[in-house]
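The structure's right below; bear with me while I get my questions together.
In order of appearance the chains are A, B, C and D, and numbering begins at 1 in each one.
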Amino acid sequence: MIALSQATIYGLAGLAVFGLGLMGVLGAAERLRRLIALNLCAAGAGMVLIAAAWRSPPAVPDPVPHALVITGIVVMVSATAVALALIRRLHSLETDTDD
Amino acid sequence: MTVLLAFDLLLAASIVGLAAATLLMRDAFAMIVAFIVFGMLLALGWARLVAPDVALAEVAIGAGLSGALLLRTLAHLRGGGLSAQGGASVSAPTNGATQGINALLAGLATCALGLAYLGAPQNVPGLEAHVTDAMPESGVTHPVTAVLLNFRAYDTLMEVVVLLAAVIVVWQVERGLAETPAPALGTVYQGFARVALPVAVIAGGYLLWIGAEAPGGAFQAGAVLGAVAVLGLLSRHVRPAPAHRPLARGTFVAGTAIFALVALGVSGAGRETFEYPPAHAKTLILLIEAMVTVSIAATLAALFHGREPVTVATGKETT
Amino acid sequence: MLEIAGTAFMALGALFFVAGTIGLLRFPDVFCRLHALTKADGMGLALVCLSAAIGAPDGGEALRILLIWVFVALASATGGHLVARHARRAGPPVREVRP
Amino acid sequence: MSPVLAVILTVLLASLLGGLWRVIRGPSDSDRMLSAQLLGTAAVAMTVVLARLQDMPALLDVALVLALLAAVTLVAYVALSERRGR
């Protein structure tokens, strides 16, 4: 049985966030919502990684997953910015043809 | 300790609840605000997991700049300003079968991740022993910075390249897209900016410097300085003009260029790429970090601003 | 002694946050809520920071805590002003005060 | 000392979660943004308490950055909302 440490708590929460985010990515109707869902999905994966890196108190956590997740956050914000630019562009194209 | 356990359970539950609420929120603005709050709670969770570096990156980028980016896009979708209602994209409702398949797929992927997480041995030493062994050669004393800038520097170089690629794509996609500029924010804000912006710049510099020995470093510092630039753009202290383009391009590329040059420069004389000579490792890492910070700050601000400054847009600014 | 005082300040600060939240939930319009929360969170954070600064092991930490408080106070005042101005311009007219 | 800090932390979290109701219900965008600001301040306070509780001074930097960046979202909201307005 798994001990109920803070790593387990946040790890399981991360799994739930990942699942919710993935469902949002697949099922959300609007583009903006889908993009936010993708961000949630990435956050959940990050939580799982950081939970896996946790060590019980006297020991310090594994720094490698920490570095990976920081990289992930920065890559995610770049991807989000690109997706948002595409959303803005698509919106302009759609509203232009409607007129 | 039981109180702290209750706190952890409550925080974890609210993180999951907020993720669900974010996806279910009807109003797009409410969804974005919920996402911003989600980022704050996530950062607290990371603080509880003894990951201050990640918490720092999350509050700077996840809760801060992503929120501003999303709000800016929503303002565009609503036709110029946030307060103008309507214009939200309406889409066809998905049918039950599709939703069932989606749920199944998401569930399967989550189960796979869950098995990988729960199946792996918990709370046992992973790579930290290797990191600790190699620390004396890294040139810094903070393990996360050592991993980012030395041991796994390839990843970090690629990450800077991703940021560069993002700004190139955004400039291309937004070409010719005109937008009404933001109004002046008034004297109270100007007073605030006069105090806050220098403080924020100092905080950014401090984060960069402290990164060698404590949580902090190029990304966090870059995000803080990027936020300063975003505030400057919003209050129109900074007005991008076509004349700034060569400077902007140079700044975007500077981080990647220095990083790659150092990586290749140290590679001769029997050394691998990125194998810094231990005696100069700290200097080289600080040099890279400083340039990368400036690049990241400029890139994030450009990603927020969106389109490339062109003559047409500035001509419209006076109208 | 100092430690007890510090903890008491922190507990009091937390109560101010609770008060602010109650105000945020109960008050009828955006201006009243603004009033409640700028008072409460300003005071609450001030007390929490004061308590943390009392317990700080060295001057550098105390300085950073002070900086956090000053910055939040400035940002909160400016933010409150900006939101109020915006709500005044964009929103429905301010409620009449009934005699 | 530390059990008391944990209780304070939980109270702050409960207060933050209460404020979340205003974010969800609104009614206006200003209400939502304002509540987010209060929640941000609560999160700053929680980070400061956590720094003490876990004896991690680095969390003070997290609190500082959170304070700096929360202001950006708020200013972005006001500036972008007033873009068309009048």
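What we mean here is this: contacts are C-beta pairs under 8 Å (C-beta built on N, C-alpha and C of every residue); 3 or more make two chains touch, one makes a residue touch a chain.
It should be emphasised that the depicted structure is a prediction, and the values quoted were computed from it without experimental measurement.
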If you tally contacting C-beta pairs, which pair wins, B-C or C-D? C-D
Rounded Å distance between chain B and chain C, as computed from the means of their C-alpha atoms: 27
Cα-centroid distance, chain A relative to chain B, in whole angstrom: 12
What whole-number Å value describes the gap between the mean CA coordinates of chain A and chain C? 31
Which residues belonging to chain C are in contact with no fewer than two other chains? 67, 71, 75, 78, 82, 85, 90
Which residue numbers or ranges of chain D touch two or more of the other chains? 14, 16, 33, 35, 57, 61, 64, 68, 70-71, 75, 77-78, 81-82, 85
Chain B, residues touching no fewer than two other chains: 48, 50, 53, 65, 72, 79, 83, 185, 189, 196
So what shape is it, when you link every pair of chains that touch: line, ring, star, complete or other? other
Complex contact set, residues of chain C against chain D: 3, 7, 10-11, 13-15, 17-18, 20-22, 24-25, 30, 33-34, 37, 40-41, 44-45, 48-49, 52, 55, 61, 64-65, 67-68, 71-72, 75-76, 78-80, 82-83, 85-87, 89-91
Going by the contact rule at the top, pick out the chain A residues touching chain B in the complex. 2-13, 15-24, 26-33, 36-37, 39-40, 43-48, 50-56, 59-71, 73-75, 77-82, 84-89, 91-92, 94-95
In the complex, the residues of chain D that touch chain B are 2-3, 6-7, 9-10, 13-14, 16-17, 20, 23-24, 26, 29, 32-33, 35-36, 39-40, 43, 46-47, 50, 54, 56-59, 61-62, 64-66, 68-73, 75-85
Listed in rising order, the residues of chain B that touch chain D in the complex are 1, 3-4, 6-7, 10-11, 14, 18, 21, 25, 27, 29-30, 33-34, 36-37, 40-41, 43-44, 47-48, 50, 52-53, 55-56, 59-60, 63-65, 67-68, 71-72, 75, 79-84, 180-183, 185, 189, 196, 200, 203, 207, 210, 214-216, 220, 223-224, 227, 230-231, 234-235
Which of the residues in chain D come into contact with chain C in the complex? 1, 4-5, 8, 11-12, 14-16, 18-19, 21-22, 28, 30-31, 33-35, 37-38, 41-42, 44-45, 48-49, 51-52, 57, 60-61, 63-64, 67-68, 70-71, 74-75, 77-78, 81-82, 85-86
